[in-house]
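First chain A sits with chain B, and in the next complex the same chain sits with chain C.
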Partner chain A sequence: MKGAAIAVALVLVGVLVFLAVNGSPAFTAGEGELPAHAKNFLALAAPLAFGSLWVAVIALALAALPAVGVALAATIYAPAPRFGRFLGAVLDLLAAVPSVVFGLWGLMVLAPVMVPLYEWLHAHAGWLPFFSGEPSVTGRTVLTAGMVVAVMILPIMAAMCRESFALTPPALIEAAYALGATRWEMTRAAVLPVARSGIVAGGMLGLGRALGETMAVAMVLSATPDLISLNVISSENPSTIAAFIASTFPESTGSAVSALIGLGLVLFAISLVVSIAGRRIAKKGAAR
Partner chain B sequence: MTATLTTGQPGPALAHDAAATLAASRPGLARRVKNRIATAAVVGAVALTAVPLALVIWAAVERGSARLDLTLFSHSMRGVVGQGGGLLHALTGTLLITAATAVIAIPLGISAAIYLTEYAGRARLASLTRRAVDIMVSIPSIVAGLAAYALFSLLFGPGTRSGLAGAAALAMIMIPVVVRSSEEVLRLVPGDLREAGLALGSPRWRVIRKIVLPTALPGLTAGAVLGVARIIGETAPLLLVAGFTDAMNYNLAEGRMATLPVFIYTQWSAKGLDTAAYDQRAWAGALVLMAVVVVLQLAARALPPQIAKIRRNR
Partner chain C sequence: MTATVPNSIGAAQAGSPPKDRGGAARVVAGGLDLGQTASAAGLEAIVGGIDPRLLAAQAAPAAPGSMSIQNVSCYYGAHLAVADVALEIPGRAVTAFIGPSGCGKSTLLRAINRMHEVIPGARATGSIKLDGVDLYERGIDPVSVRSKVGMVFQKPNPFPAMSIKDNVLAGLIIRGARPRGSAADELVERCLNRAHLWEEVKDRLKKSGDSLSGGQQQRLCIARAIAVQPDVVLMDEPCSALDPISTLAIEELMRDLARDYTVVVVTHNMAQANRISDITAFFSLASAGQPGRLVESGLTADIFSAPKVAATRDYIDGRFG
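Moving on to the complex of A and B:
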């Protein structure tokens, strides 16, 4: 039993060591040794890291309110406990849909439907940097990718929120109602403040998941790996670290492979920082 | 209240008073409108969650059912260009790789959880292991694939691809899931039961084997099933280390091995001339994969009531 615990810890050490050993040559690699014609590792990693963060932030922005809302529906607003359980099952199922299926759906169903919306956004809000430039005719854009990832991280965030909403002391809820509060006033005064750290921690968890999301982004985006752009409806899109690795790896050999492993190390570091921050916030909330 | 008002049975004065109090305590229009808006927003959020799920399921059924025939389950893609062909090779690969992953991750994960709950106490190794599990949960799945690739390149030479490497990558994802859920379930086993066993003079391992594990079994099983559900749809790590092939491969230790998620991906990414046939196969694969995931979810849901029973008895 003790051996198993040691083995689990060793697996993690192994992951780090193998990645570092195989990826480190890439950090000093020069022109010609890296994929996407990059001059050095930083020139390769920076646009991709931007892309990862950009898509993840868009997904988080789209999913945050619905996640809080659906968690409220499953706890405070649920007309009966059975409805809460049903909603829980729906969320579990949504979380279990494989990302490759979401990718296929985003690419073949969602993207074409979104084209008119993008044209409308360009026509009416084109002065914003997000919607300037010619909109994509295929709909395979950063915004579409963000929407698909939003659907994927929604259940994770909602689960965290639901847990913290369910911990609201019943006395607070009843006190608010006794003072004549409406349901929304009660929610704002009693439920949301108590659960604040849980909501933020859920958001961080979702952000971490969105950063690592691979297949859906790789399939939806038609990407230009060395591009940094805030435009979310263009046909020229930045790629993300994970999507770039997945689409480049199968055809790579030698120093290109080591560059991709180095990119994996960068992605690991980013998502580790996000998840540690999330856990800190959750712990602080639990201590209060 | 309205009923008493209309019939006026308890005496008009009393009813009038009650109605007046009620009117006075009724929230003002602005507050009522705000409340309505909030309720509508919550209902909207539920719709935003349920609608994409329904749309994805509908798309898979609508576009996948065209190819849900016998050939799909009896043939591989070997030598197939255009129409026809099946996913037997991918289904076999998924079953083999998932089974290998489960064989690695479930015993290791449950043993580690037993150590954490039953033996560790405040040992430093316990907090170290928990921290390692926390970090492993946040490893993006594609990074697990890269690590498995690096490990197998080191052992068997660069560029090695095999089903076993895929299983190693998936095990890195599944182990923390199993450790966490098992630890949670084992903690629910009442301490009284353990103490009763120890008081009768049983050694600790016997208490664990005869009391703790049987009590926690449904929960442990549910955790394991959810762990399998978590990895069975993983695509990215398998794309990297198990690779893809059109033919059958029963040997985990050697050669590329197709899996369902990678099958779906490659049907889309490496289309032949007859694109409709490839798209149909991709959606049919998606439908089969979703059916597998739903069955696993339902199976895990059917088990937990017995964990709840432990909780109640405590």
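Moving on to the complex of A and C:
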């Protein structure tokens, strides 16, 4: 047990050292040495970090309600235990689909389908910064990427929610029913308050996954790496760190490679902060 | 009888957890207009079923909140847990269910407010009437049954995320009818007073219900149950998780509650049943796995001093199994 823990810690430190040592030349690199014609490392990293967070937050926002809904359907609302198990199996299968397949699906199926919706959003909600500007004609936008990632993080989030719903003390469920609660009222009074920390922890896990998601985003998103924009339906989209590394690495040499490794360090730091925050929240809820 | 005839499409089906409160027929037993004929029928039922001396014990012959259990059997899936119970429960009195473990007394208790069917596969047949209205009639929404027939459980179960005050109001908060301002304060004070808890918690109503002792939590649960103005309060071994002092407080409270509510209590404590109940019903089962049955019921004084059935006497004397 102890040996395994030390091994994991060593691997983590090793990765960190690798990223820091190989990425550090990029932190001081000037114009011409960095990819995407960036003036300095910050100018390279900031838009990509924004893109990563932006896609992840969109994915989280899209997946949160369905995840809670599916988890409720599998537990409290399951007409029979067998139905709950079936739903769980379907989610596990969804989690087993390779990232590349989701990427292909997003690119070839989802993106074209979304184009009319984006045109509609622009026409009717164009006053919102998210939908202003000319909508993409290919559908390969931040919103499409967010949707694909949402489908990918749904299983883990639903599993976390399902677990915490299943842990609702039966005594509280009975208490609510005995007061004349309907099933939904019971859910609101007994299930959701107790499961709140589990839901949040699931969200954080999902967010962590979404931040690191590479292939699907790289395939779906038609990206402009130095862009910071809230617009989610435009043909000009910010890229994400992971997708940028994946798509730029094959044609990079020298200082450009160290810049990519430095970007990896940035992503690592963001993911670490998110997962620590998630852990904190989950622990706080459990202690109560 | 002016009982509500269920005719709405939204009526919930028996045998499933409640889906929706919209449209389903409500039990209106408390406010029901009991005509002359109904009163006479109720009187007859009591005279016919129970020792006439009870009439003297009761202020009114057909005290509101009286229940009539007929041919009730409870199942868990295919397993018959309680077979064919017939029992009259007088209104505004304490009725105790006693008997060995597994005899189905808790199951029957839970069938009375249709909590039984919350368990997947569990169902009950027969009829349980509250002031003449059959709670198992087609189209009667179990949700409305439970707001008329409240329940207190073995282990105190206040909502941990709610304050003491909100716990009392929980039944109203749950259905989106949270009272505000002085109306809320009055209701909370009245119910906590009624549950003999007000003096102990009046200075910390904002604190979590978890901060109370077990006995206090149980009284909080009783306050919560009566805040939704039920006619009947069911108690499933309400003292078995409590110390003797807290038990005494709850027993006193049960006697007091019987002035305004019909109280039905399941207990393993013979002395308690003897102390607090007006009516005692003894349940037993032939052997493990066999369905539980009602062996005998009657005035508590009679059941404890002169039981008609040998099995009852053996159980009360502690000679059971």
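Convention: the second predicted complex is superposed on the first by the 282 of 288 C-alpha atoms of A that agree within 3 Å, B and C clash if a C-alpha of one lies under 4 Å from a C-alpha of the other, contacts with A are read in each partner's own complex, and residues count from 1 in each chain.
Rule of thumb we're sticking to: a residue touches a chain if its C-beta (ideal position, glycine included) is under 8 Å from a C-beta of that chain, and two chains touch if they have at least 3 such contacts.
Since the structure is predicted, the reported quantities are computational estimates derived from the model, not experimental observations.
J.: Between chain B and chain C, whom does A:116 touch in the aligned arrangement: first, second, both, or neither?
T.: neither
J.: Applying the document's definition of touch, where does A:80 land relative to chain B and chain C: first, second, both, or neither?
T.: second
J.: When both complexes are superposed, which of chain B and chain C contacts more residues belonging to chain A?
T.: Looking at chain A, the partner in contact with more of its residues is B.
J.: Between chain B and chain C, whom does A:183 touch in the aligned arrangement: first, second, both, or neither?
T.: It touches chain B and chain C both.
J.: First (chain B), second (chain C), both or neither: which does A:129 touch?
T.: The answer is neither, since A:129 touches no partner chain.
J.: Just checking: does A:193 make contact with chain B only, chain C only, both, or neither of them? Give me first, second, both or neither.
T.: second
J.: With the two structures laid over each other on chain A, which partner does A:30 touch: chain B (first), chain C (second), both, or neither?
T.: In the superposition, A:30 contacts neither chain B nor chain C.
J.: Please work out whether A:97 is in contact with chain B alone, chain C alone, both, or neither, and reply first, second, both or neither.
T.: first
J.: Identify the partner contact of A:175: answer first if only chain B is touched, second if only chain C is, both if each is, neither if none is.
T.: second
J.: Residues of chain A that sit at the chain B interface in one complex and at the chain C interface in the other, please.
T.: Shared contact residues on chain A (touching chain B in one complex, chain C in the other): 180, 182-185.
J.: Report the residues of chain B in contact with chain A in the complex, numbered from low to high.
T.: Checking each residue of chain B against chain A gives 25, 27, 31-32, 34-35, 37-39, 41-46, 48-50, 52-53, 55-56, 59-60, 63, 107-109, 111-112, 114-116, 118-120, 125-126, 128-129, 132-144, 146-147, 149-151, 153-154, 158-159, 171-172, 175-176, 179, 229-230, 232-236, 239-240, 243-244, 261, 264-265, 268-269, 279, 282-283, 286, 289-290, 293-294, 296-297, 301.
J.: If you look only at chain A, which of its residues touch chain B in the complex?
T.: Interface residues on the chain A side: 1-9, 11-12, 14-15, 18-19, 21-23, 65-70, 72-73, 77, 87, 89-94, 96-105, 107-109, 151, 154-155, 158, 180, 182-185, 187, 208, 211-215, 218-219, 242, 245-246, 249-250, 253-254, 257, 260-261, 264-265, 267-268, 271-272, 274-275, 279.
J.: Note which residues of chain C are touching chain A in the complex, please.
T.: Against chain A, chain C makes touches at 17-21, 113, 115, 118, 120, 143-144, 146-147, 150-151, 153, 155, 157-161, 170-171, 173-176, 221, 224-225, 228.
J.: Which of the residues in chain A end up touching chain C in this complex?
T.: Interface residues on the chain A side: 80-81, 169, 171-186, 188-190, 193-194, 288.
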